[in-house]
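Multiple structures are listed underneath, in structure tokens.
Look at the two complexes coming up: subunit A is in both, with subunit B in one and subunit C in the other.
And then the complex of A and B:
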């Protein structure tokens, strides 16, 4: 094994150790388990966006829509269909992913700013639907009246509602599953065509890659992951918020990805951690917390263009 | 059967006729060079062959199949590979990774989210063979963006070769190169043509290169085919001399 592989293995072990023991080391540092859970869920969302942004080179500014659809999908399932947490996650993911697949087919021919604008526009459509369709979605008040259900294994049940640690580990399991699938795809021939498109679209086309079809697949996969993250988020809050579909939420996800480092697989998780922890701490001090997060974002973009993780990796090497 | 059969293609951009009623047949194993002054329509003609845009009139057949309306990536899948005047590569990937993407796409793996060990090993050895052919094996782990201009062009040709093409289109392969690099690329193309029996169509400005390599030369001028023939015939052609070669030949 060469030194690069060794370093990679050490980094991976460190990341999973930090995540695995988060409920234990966060408490003495003044954190709490639910905060770690939020980091995981928003980190998964930022990584899902980055699957498209960082590895296909396509910027979507409307990904909150698929996050929000996942949340409503999970909430509506629990409220009206069946009191099953796994079913809520699956249906939430399907709702986000299928809507992403349909709209993605309409926008993959656009590039750059035009792609970003059209994704915002479609995202806002879903925001207004959630906002206006009060009888189903609860409108401005959001969707309430559901809660995550115990995980039923037949012989025994795991309570994830009142036990914060149990819920954290359930979310960590889901996170690991999704991140594992993402990593697997990125290391496959299909994943390498995504990177090819990011690096040089014309060359990709002249290698025989139907570029639009591959971008559509990457977009759709990204929306499935996003929908899953959104479904988890509904379970975290026992609540689905129309503002979760708004383009400002999309902007937050882009910020997390860019701040953490969009060229690295784990960067967006770090970005989400910084974002969520700062938000948690600063919002108890000042209502203008966002301006401080914004300031940090500007500093990172100016001085660490490869993001926080990119900077850490660069200085280690 | 001819590899490429182009019949009376015309390409109009508004009022401008970039290519006018040009026909060309390229046989298997042949190396055909297209020459002509700047603005003669050479690159437009290349773009018609490789499918950047469809012709306004005329037809193009490849391996006996009409491809006039096919998209670029479909032509590539049928076995047509191309390099560009300004090198098109993946600069932030290594030489090996650049060629591997081409080999995987050509192997039909592009939509696969997995690859098993024996398939990966086969791709690996195919990439190594290709790098050997273009003399880049020693630089396999270097980032393509860090290589010299000549090596980048060789890497681009390696990507095209990894597609196992029936036809290789090279747009000014020695553009912007010094004498040493021009010589190396010329020798590489000569090997591909003579030893590996590739069918090649290339655009070239450097007359030394053209007369050294080509079986046949086509002269384009103001969008029209002025003359076609062996290097000797073209060198002796008075119309060509007047229009283009001047005293240089």
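And then the complex of A and C:
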């Protein structure tokens, strides 16, 4: 085993240990379990966006739409179809992913700023649908009247509604599942092709890689992950809200990814953690907390162009 | 195995980094909870201090702070001092829910107040019900909070949209005419308000000449106003809110529409009237609370107290919401000599507010059955300039008691389910 592998192993162990014991070490530091849950969910969303942004190299500014669709999918399932948490997660993911697949086919023809603008436009379409379709989505008041259900294993049940720690570990399990799939895809030949497209699109095209199709697949997969994160978010809040589909939410996700480091796999999780914890802490202290979050973002972009994680990794090497 | 990980030299850079980290840790150390001595009673408040509702939310917080100051001067709750913890929901449901959990799980609050945004208020209510915390919704108006989504632990101070509509409908119909034309913001809140108004109008026997649905954030209302004028109604009803209301009223006056048709609406806020040029302060409205009530006990003192902390400005309805919400907790807890939520919630049913808290002439109480505060509606006309105070922008004609504007409990769709 060489040193690079050892270091990787140690880093991975450290990350998972930190996540596994979060409910224990956060309390004495003044945190609380629900905060850790939120970091995980938004971190998964930022990592899903980064699947596209960091590894395929195309910037989507409308990913909140698929996040929000996932949330509504989960909420509507729990409210109208069946009181089953796993079903809600699956259907939420499907709603986000399928919409992403359909629209992705139209969007992938554009590049650069045009790509970003078309994604915003489609994202806002979903925002206004959720905002206006009051009879189904509850409009501006949001979709409520559902709550996450206990996980039923036949022999025993796990209560994830009233026990914050149980819910945290449930979310962590889902997170690990998705991150595992994401990592597996990125290590596959398909993942390598994505990176090739990011590095040099023209060259990949000359090599005979169907670039559009690959970007479409990456976009679709990213939307599936995003839909899953959104479904989890609906379970966190027991609520779905049109603002979750708004482009400003997409902006937050991009910010998390860029702040954490969009070239690295774990960067967006760090970015989300910094963003959520900073927001939580600063907004209790001052109403001008947004200025400070913005300032940090500017500083990161100016001085650590590879993001916080990129900076940490480089200073180690 | 590489030596670089385990056997690093302690060089200058590492030392500086370590020192910096230690310094940061020191600076942020209030983040760590310090050991507590005699624990104060804690009141949590979640309100959108940033975003479009920042102004009303800030006023609610100011009112609640005043209430906490006053109750501490009188010995607090059950002899313990009261601490108000305010959190910003940033007008976002996810953040609001998270802040509510933070207040309950980490800070162990006994009571909860919030939110101005009805959607967030409803989402927080789910959390407080689950955690068994007594919760007063200070400023979210959607019917369902004390209607079909009502909860055993949730009470509301401000009016429901239905109450707002009912309070003005009668006056408008009898005094100003039976043909109404509406300008409605095109989202859930506007639609419910429109429904409430048209229901009243149908009961009274009037007609709707039309309804203009305007997107949120409309700046140019001219097309809608021309259509409204062509329909020739007796009354033009503006249901838009906030900056939309300001833009719409300005244009109504520019078009001279207020000279041909009576301009009216449901809820109006002092904040909005103050934001208008003097000539555009027109129309018949309802205020949820108004600061100028000659001869009503306690009002003058409250106005003077708020002026001290509000740069000399008078309190708005929002100040009163925050004040009354916080005061209700102190009153009921001191009366019952407990902080247990279920007992307090039961005692709050039909609990009548004393003069120095209700600050209005009629009987004010939390109604048993739906937990809605039966607070009065101040119906009257906007005026461009006050006689002796520049902030007296409203002439109150009638103070309608809450039990006259609120529909009976059986019509609210509320059935309170108590925890077993």
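By definition in this document, the second predicted complex is superposed on the first by the 317 of 317 C-alpha atoms of A that agree within 3 Å, B and C clash if a C-alpha of one lies under 4 Å from a C-alpha of the other, contacts with A are read in each partner's own complex, and residues count from 1 in each chain.
Going forward, a contact is a pair of C-beta atoms (placed from the backbone, for glycine too) under 8 Å apart; a residue touches a chain by one contact, two chains touch by 3 or more.
None of the values given here were measured: they were computed from a predicted structure.
Contacts of A:292 after superposition: neither subunit B nor subunit C is touched. Of the two partner chains placed around the shared chain by superposition, subunit B is the only one that A:210 touches, whereas subunit C remains out of contact. Look at A:311: by the touch rule set out above, it reaches neither subunit B nor subunit C. The larger set of touched subunit A residues comes from C, when the choice is between subunit B and subunit C.
Legend: residue contacts after superposition of the two complexes on their common chain; A:283 is shown touching subunit C, with no touch to subunit B.
Contacts of A:202 after superposition on the shared chain: subunit B is touched, whereas subunit C is not.
Legend: residue contacts after superposition of the two complexes on their common chain; A:189 is shown touching subunit B, with no touch to subunit C. Residues 184-185, 188-193, 195-196, 199-200, 202-203, 205-211, 214, 217 of subunit A are the ones touching subunit B in the complex. The residues of subunit B lying in touch with subunit A in their complex are 50, 71-73, 76-77, 81-82, 84, 88-93, 97, 100-102, 104-106, 109-115, 159, 163. Residue ranges of subunit A in contact with subunit C, taken from their complex: 1, 3, 6-7, 10, 28-35, 38, 131-132, 134, 138-142, 144-145, 147, 161-162, 164, 233, 236-239, 241, 243-244, 279-281, 283-284, 287, 289-290.
Those residues of subunit C whose C-beta lies close enough to touch subunit A in the complex are 1-2, 4-5, 28, 31-33, 49-50, 54, 85, 87-88, 90-95, 97-99, 101-102, 105-106, 118-119, 122-123, 126, 130, 142, 144, 149, 186-189, 191.
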